[in-house]
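The same subunit A turns up in both complexes below, where it pairs with subunit B and then with subunit C.
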Partner chain A sequence: MKLLTANFVQCSVKACSATPKCFPLHFDQQTADVPLELAHEDVDFSPEFVYNMLPRIDWPALTTTARELGNNMLPETKPEIENPNAPEHEQLLRDLHTLLLETQIIQGSMRCENCGHIYFIRDSIPNFLLPGHLVQ
Partner chain B sequence: MSRPETTAPPEVFYNDLESKKYTSSSRIQHIQAEMTLRALDLLTLEPHQHILDIGCGSGLSGEILSQEGDHVWVGMDISPSMLAVALDRDVAGDLLLADMGNGIPFRAGTFDAVISISAIQWLCNADTNTADPKKRLARFFDSLYAALRRGGKVACQFYPRDERQIEQILGAAKASGFAGGLVIDDEENKKNKKYYLILTAGNVTTNDINLKGIKIEKQPRRTAKKNKREETTKEYINRKKELMRKRGRLVALDSHFTGRKRRPKF
Partner chain C sequence: MFPTPSTSHADYDKVYEPSEDTFLFLDLLQEELPFLQRRFSDLSILGSPLVLELGSGSGVVVTFFHNHILPDALFLGTDINPEACKTALETSKVNNGTRYFDVLRTNICDSLRPNSIDVLLFNPPYVPADTLGSYESSVKSGDWLDFALLGGEDGMRITNVVLDQLDNIMSRERGVAYILFCFRNKPDEVSQAMRAKGWTVTKIGERKVRWEILSILRFEKE
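After this line comes the complex of A and B, so read on.
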């Protein structure tokens, strides 16, 4: 799962989706049988896509996720870009591209802060199927 | 051909064998590609969009999303075997194992567009004794509406079993706040008839939906008044009897003599 997608997924339990705590899902508690594993996968760089997505990214959630995954380098405030084709922004867009689209979470687990349900990621596919008692 | 929907639940039906068969069949590949291109044609998207593919299966439709317009997509499916095939094929999009009837697990305003090829008719089935199709449809469309940005668009190709399923799906979509309707391709050809549910979330003004050469089927709504005017005497009697029963009155039992004339021979 890309870090970009991790910035959008929220708890699938109906009772949680009304509370603000269902997003973001936390990576702070990992289990021994599914250890956290990250990988870098090359994706074609498209500055327009990163530029389109930037307003939609929840920056505080992204810094939280990055911190839980072991990256403390992100700035506190969201960078601002006016023109995706300006040469001075290219490096920034490339960095964002590497962070959001090329960083893959291969396995690990995500925890909902509200209900405590743990979503496992295996083979880079998160499992959002709910057990019977959580389906409403 | 029998409908897979009546055979088994989707996660059971699309097992390892069926998933491989589905993905390697050139006929299915061709049909899937055609339907995905048609759905994209209807949506008229700008390039570089963030798209959700519901019921992505092995990523046949997702590949086209990556090729056409350089979109970044996220696919969700309920069948682990199908997703395993997608992993083997090394598709570009992110994959999620999720049940659409339990809601789309994305926060508000995530996607620019949503496409779904041959999937949403599965929502009309009750596969477990706790699943209620009506509730699942409502949850699906509610969370879908939330996950789209305002002005987002949806194209779902589906195979309805009958008129009632179309009505059920359309009704659920409208109740969640979507605007839109049904596009029917190849209407005369019973075998190749294709239904596309085209929906928009919020007001779409900037880039409208491509409605060239499309017939949107209008459902003539039968009002209660019109129903009453057209009913026969027998229907009238049965309706009144039913009403009285609901009110707790003592009503004669229904038989095949109910509402019949007493002819001299009787």
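After this line comes the complex of A and C, so read on.
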């Protein structure tokens, strides 16, 4: 699972979706059976692609996720960029590219702050199924 | 005709094999190209569109969409079948890859942030049947293919859940959903019911396949 995906998902439990605590899920408590494993996977860099992603990003949630995964490099507030090809922005866009698109969470777990439910990631695939709640 | 992505690595004993319904989806998406390009031409305020294939199976539809329709979008797939999840990731990789694609194992699209999806693609389990796939028996047997086709009463059990949630799934500003139906799903009744709820519904095409008539409806919120 790419790190960016943590910005798009929340707890599956219906009762949690009404509370702000369902997002983001937290990486701060990992278990011994599925220890956190990160990997770097090369992706072609395009400044425009990263630039176009920015409006979609919930910045406070992203900084939380990055910090829990050991990255303290992000600015406190979302950077304002007018021209993605301006040389002064290149480093920042490259750093975001590496963090959001090239960081693979191979395995680990995510915790809902509201209900405490733990969602596991294995083989890079997060599992959000709640078997008791499927359509029958 | 745009080429169909390769899925030669897929094991069709475990994952839904691209079939007539899948190919109708690919053909009609190709015809939707001008509509979609127009809709997502200005990204300056809302950013790149987020495209989700629900029940992505082999991943052939979402990969086709990336390769030929909106290459610069962000992509997600969901499936209940763990083998399908792995296969879809592989399908994307072996067909040029994407900058951003992830597959979530989940029910429908539970766990996605509300109102975040700009394009939804859904080829559902639409075949009328007495039952649906059963989680417990699939865990036991390792066979998840019942989930690919069995749609319960009118073949609409899963699709109805998606239609009920559509308002909560789709982005308010530019959401557009494509859902496939067979004749016995009563797509005309679905259109009427969804129009009454404020959706603009367009049949983008249909095709006779043996004794079945498959069609795809496009849903946009006004």
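Odds and ends about this structure:
Keep this in mind: the second predicted complex is superposed on the first by the 132 of 136 C-alpha atoms of A that agree within 3 Å, B and C clash if a C-alpha of one lies under 4 Å from a C-alpha of the other, contacts with A are read in each partner's own complex, and residues count from 1 in each chain.
What we mean here is this: contacts are C-beta pairs under 8 Å (C-beta built on N, C-alpha and C of every residue); 3 or more make two chains touch, one makes a residue touch a chain.
The shown structure was predicted, so the numbers you read here are calculated from the model rather than taken from an experiment.
For the composite obtained by superposing both complexes on subunit A, the positions of subunit B and subunit C are in clash. In the superposition on chain A, A:131 contacts subunit C only, with no contact to subunit B. In the superposition on chain A, A:56 contacts both subunit B and subunit C. The interface of subunit A with subunit B overlaps its interface with subunit C at residues 1-2, 4-5, 8-12, 17, 23, 43-44, 46, 48-49, 52-53, 56, 101, 123-130, 135. If you check the complex, the residues on subunit A that touch subunit B are 1-2, 4-5, 8-12, 14, 17, 23, 43-44, 46, 48-49, 52-53, 56, 58, 101, 123-130, 132, 135. Residues of subunit C that touch subunit A in their complex: 43, 45-48, 50, 72, 74, 76, 80, 82, 85-86, 89, 97, 99-100, 102-108, 110-114, 116, 132, 135-136, 152, 157-158, 161. Only residues 47-50, 70, 72, 74, 76, 78, 83, 87, 92, 94-99, 102-103, 105-107, 109-110, 130, 139, 143, 149 of subunit B touch subunit A when the two sit together in their complex.
Those residues of subunit A that touch subunit C in the shared complex are 1-2, 4-5, 8-12, 17, 23, 43-44, 46, 48-49, 52-56, 101, 119, 123-131, 133-136.
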